[in-house]
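Report on the structure given below.
Naming follows writing order (A, B, C and D), and every chain is counted from residue 1.
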Amino acid sequence: MTQQPDRASPLAMLETMMLIRAYEETIVAMSEAGTGPGSCTSVGQEASAVGVVHALGAHDRILTNHRSAGHLLARGADPGRMLAEVLGRRDGYCKGKSGHLHISAKALGVILTSTIVGGELSLATGVALSQKMLAEDDGIVVCFFGDGAACEGVFHESLNLATVWELPILYVCENNQWQAFVHRRETMPVDEVRHWAAAHAIDSRSVDGNDVEAVHAAAREAVGRIRETGKPMFLETLTYRLRGHFEPDDQSYVDPAELAAWQARDPIALLQRRLLARDELTAAQLRTIERNVRARLDDATLFAEASPFPDISELITDIYA
Amino acid sequence: MTQQPDRASPLAMLETMMLIRAYEETIVAMSEAGTGPGSCTSVGQEASAVGVVHALGAHDRILTNHRSAGHLLARGADPGRMLAEVLGRRDGYCKGKSGHLHISAKALGVILTSTIVGGELSLATGVALSQKMLAEDDGIVVCFFGDGAACEGVFHESLNLATVWELPILYVCENNQWQAFVHRRETMPVDEVRHWAAAHAIDSRSVDGNDVEAVHAAAREAVGRIRETGKPMFLETLTYRLRGHFEPDDQSYVDPAELAAWQARDPIALLQRRLLARDELTAAQLRTIERNVRARLDDATLFAEASPFPDISELITDIYA
Amino acid sequence: MRTITVNDAVGEALAEEMRRDPRVLIFGEGVATKRHDLLAEFGAARVRNTPLAEGIIAGTAVGAAATGLRPVVDLLFAPFLCFAMDEIVNSAGKLRYLSGGQFAFPMVVLALSGAGWGVGAQHNHNLEAWFAHAPGLKVVMPSNAADFKGLLKAAIRDDNPVLFFMDLALGFQPGEVPQHEHLVPIGRAATVRGGSDLTLISYAKTVHTCMEAAHRLAEIGVSAEVIDLRSLKPLDEGAILRSVGKTGRVVVVHEASRSCGIGAEVAALVAEHAFASLRAPVVRLTGPDAPAPASFPLEQAFVPQADAIVSAAMKLFADIGSATSVTHADFPLEPA
Amino acid sequence: MRTITVNDAVGEALAEEMRRDPRVLIFGEGVATKRHDLLAEFGAARVRNTPLAEGIIAGTAVGAAATGLRPVVDLLFAPFLCFAMDEIVNSAGKLRYLSGGQFAFPMVVLALSGAGWGVGAQHNHNLEAWFAHAPGLKVVMPSNAADFKGLLKAAIRDDNPVLFFMDLALGFQPGEVPQHEHLVPIGRAATVRGGSDLTLISYAKTVHTCMEAAHRLAEIGVSAEVIDLRSLKPLDEGAILRSVGKTGRVVVVHEASRSCGIGAEVAALVAEHAFASLRAPVVRLTGPDAPAPASFPLEQAFVPQADAIVSAAMKLFADIGSATSVTHADFPLEPA
């Protein structure tokens, strides 16, 4: 499985990150205007999503959770169909039945999104078992989850089974320091989930989750190792949830100093500054990307808002196969 | 909380261990004769039960599981009432409703025995919370469970909560190498559960579970530390299930060499040899203990078999408080 | 009397009971963050955030309840109870019995469910019937602010595990709540409207839909009695049978799915114990046997509506011999 | 035809389906140890022991089913399902729907329950109704060797999650099973005895109790039809309604507790859709609303007996007006 070289380029990653941000901002605007529902945005966590997903091959599979927009868009999901899903419309990836919380897109290999925190961890081992037993290639499984999910017992059950059965899974813990309205430090004795993972004899690392190049390098290495050994690995992206848990959220319970410190490390601004400084990006290019992204989101919004609601008869379809 | 000095003496511990063995042999004999049900015996694990329980004070509380006879007897439970319970009789600790799998004895501080593997781990934190918030003394909670239970996610949830809330719990993992019909090595990547426990920032140790003096020393130290700090500790007793999972069990799936090696380390024979060698026990004393224990079990059997079955009306009592 | 919302009624019940009894405490994911008034008044030992792990939250409550505390745990949305079933069903529900009565489990589990937020089936699943089917538990699901307050206070004082289900759509609904101490006994239904021709039986938000239907039925000359079950276990069988004994016609309405739901229990009870009084088929009007969709119009359609209740009721006055299936939105009977 | 035990029928079904379809695999705690014949024939990749963790066993099955495998998982005793509810109910049951039909979940969950081993309520709890109440699942619970085999094979071939409950007491019961390929469609009840005066409806081991009762009723001139539901979801509503249409009298019998059980669903169905045919109250005869005790005589008393069925049936021929409560062993209606 080879990577399209451009997917791995910092510029490609920047564009995807900016697309994700613009998408989430669109959702927030709709929610504020009362034309869309609340949602769990991935603002601040774009580097984690893009760094990992841009390191995957076409046959790899992804499981994700309630904060999935970044993973889906990085995988190439159409923002129009995603928005349509968020709005509960017929052209959404799940015909509007999911709404924003459990969007999956089988054709893109985005399998089994669960909004039960920990659900994705319980399912990932089975998807990896299929990869191992049925796949003709060396496809692996990436399972995205949060620091909160790591507190559910099924996190340990999943890692243990993956170890014992030697399943090709990259566990990506997006440690954004928050678990809904509870700070991570209230729920675990250490700062990094990787200590828990390592106890399962899994190769476990953490990386600056706001530095997309660092995430991408770590993910590429991990993916390569998993293809080679068939064994699971654990990668923790240390990042921050810059907006609240669920829109709207006034974040009154958040320490302003902590928030400000992480805002100063916004992953998109960080990459832009770095690329400008390295002369890999010009101000004009940046404006072009911005315009492209804006245009895609405008189209997406038009598409989504034009999509009709599902017919009431859909209430009882897709229950049984 | 001070210990009765004699409870801590090797001789006292030997006698309890022999009582437990005789009890389990009684159950096995009944089961073979068809006069009693099958059960999960603790044969081979007596040192673990006695070493720990003899280190506790009167206000400490115990939670245990399906393999609980040793813990109960070491705590001073009446073998007659235990046998009556196993036989489903009215004078059993639970009026015959439990049978052998979930015997609890509130008056002895043996709280909430669960035969759902992992159940005791999910309950221990609450009992410890009561000790911490309500108790006038420095009572602690001991939670006994097996290596299999450590595979349930709730093991990790329990240890994590105990750490985060600083609960006075001594977790005692009786690692007997078997999880029903599956060898421990098939279910975890390391030989000792303590590696999993340590990841929760809990002071975690393992000890030769067939050496009652070693277990007792480790338990006393742990109990003292918990009383001092209020924080949980983890103690693993490395031992072996000398009989099958549940009577009758031909152990055809067990490696005979492994079984023989552990039989050679039978905790009772080991202590007897050691005490005889140290001149702390004479052959005559040993015979006396044997006779005492035998007599207690004979009485217990008579008591249990004489106890009537509960009245059918008991089917619907004790459901609601 | 004064008017407060359901959410405020819940807050009052918690505060009053914590004030009254120092053994009462509350914990759960975000409880200390969200209920800062309780935290301020009762301190960090009695108002606790937890790690994100429903199993150990519930298990801790069970262990604490057995040994002298009276915990209330907030497990957020009903589907998350799926991670706490062992602790609630196998431990809290059974260990009193299995121990021969040595332990009691005075604890309350709070959980939200029902349509209204467009979050789909992993947040919205009406699971109350599961707990009515399991031994040793009590289950309540109120419909108005006064009952929320009075039943929650009673649940906290009860020596048994009580599942307290909160219909999400009711949270901001205002209602009159007595100023003084207000307790509602568990196990007692409320006849919220008297009537003589037929009985509408429901609980939670669909009680209001039944009231609307009853109002419309009155306009066309049909006198409908409306019973709000409030307690789903124990069920107030006397109140149900008395009403049916009078009216001879029943429509049971709830949002939860039909198969083995509370409506099945009520219908079966009536078919056995009020058979001689029955003048028409016992009709259930329930949510479909489907996961709850997120899409707004589908989510709305999931919930039984007053129109459907009125037309189901009207059919009961037709000739019995010709009485045919009346199910919500005419969904097929079989899932396949 | 030849006679084999229920356990052997299960073993045959597994072996035949694994032979037929390489995507079928089985795993669980001790599965590879206990089913060494399957291990020998199909190898360690398809017959696996697991760590002791029901949640991940079930979750792995769900993930595998969504992506091309057809797993069978053995979760041992039904109460252990409490550790796997999220995976079964929130994932397997809902993710097809929530994904707009993108995924299917062809998987089978095996679980034992029922009296007969004296192991108490944490091993013995008849939970089948929970899964009949949850969307997206199928539930079967056979009563004889042939149906065990035929339904298990059908369950493995079904593209949906199927809960396969095995009544513990039946394991060693012999029965005739066809030599050749034998499939029993899910969703179809069996009329195991024809009759005209009343219908006894049951499933699992109490089908045999109903047969015994029918036999005794025949001796006193009452012709009882006996229906073995076999599938609890989908329920064969047609078969139930046809029989009641003929007999006008129904007793539903099961070991599971009454409140919101399968019997409630059957009774409610009849009370709605066969009302005009009913000539007597619809009676349920069930296990008490109690945890299952270990003590032998209590455990036996937990299960509905033929005596009680006969006397419940006889009461249905008394004057309707005087029909009174007929519940198992005359337990009080309310739990309190």
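Rule of thumb we're sticking to: contacts are C-beta pairs under 8 Å (C-beta built on N, C-alpha and C of every residue); 3 or more make two chains touch, one makes a residue touch a chain.
Computed from a prediction, not measured in an experiment: that's the story for all the values here.
Undergrad: Would you mind checking which chain's C-alpha centre is most distant from the centre of subunit A?
TA: Measuring from the centre of subunit A, the most distant chain centre belongs to B.
Undergrad: Which integer distance in Å separates the CA centroid of subunit A from that of subunit C?
TA: 36
Undergrad: Nearest whole angstrom, what separates the Cα centre of subunit B from the Cα centre of subunit C?
TA: That pair's centroid distance is 41 Å.
Undergrad: Between subunit A and subunit B, tell me the centre distance in angstrom, where each centre is the average of that chain's C-alpha atoms.
TA: About 46 Å separates the centre of subunit A from that of subunit B.
Undergrad: Could you list which residues of subunit A touch at least two other chains?
TA: Counting only residues that touch two or more other chains, subunit A contributes 96-98, 102, 114, 116, 118-119, 151-154, 157, 160, 164, 186-188, 319-320.
Undergrad: Going through subunit C residue by residue, note those that touch at least 2 other chains and give them in order.
TA: 50-51, 53, 55-56, 79, 82-83, 86, 90, 97-98, 120, 122, 135-136, 138, 289-291, 293-294, 335-336 - these are the residues of subunit C that touch more than one other chain.
Undergrad: Based on which chains touch which, is the overall arrangement a line, ring, star, complete graph, or other?
TA: Per interface graph, the chains form a complete graph.
Undergrad: With touch defined as at the start, can you tell me which subunit A residues reach subunit B in the complex?
TA: The contact residues of subunit A facing subunit B are 151-157, 160, 163-164, 186-190, 195-196, 198-201.
Undergrad: Which positions of subunit C touch subunit B when the two form their complex?
TA: The touching residues are 23, 25, 45, 48, 50-51, 53, 55-56, 58-69, 71, 86-87, 90-91, 95-106, 135-136, 138, 159-160.
Undergrad: Quick check: in the complex, which residue numbers of subunit B touch subunit C?
TA: 61, 63, 92-98, 102, 104-106, 111-114, 116, 118-119, 121-131, 133-134, 153-154, 157-158, 160-161, 164-165, 317-321
Undergrad: For a test of understanding, state which residues of subunit B touch subunit D in their complex under the given definition.
TA: Subunit B reaches subunit D through residues 37, 88-89, 96-102, 114-119, 148-149, 151-153, 179-182, 186-188, 253, 309-310, 312, 314-316, 319-320.
Undergrad: Any idea which subunit D residues touch subunit B in the complex?
TA: By the definition above, subunit D touches subunit B via 29-30, 33-34, 49-56, 79-80, 82-83, 118-120, 122-123, 288-291, 293-298, 301-302, 329, 331-332, 335-336.
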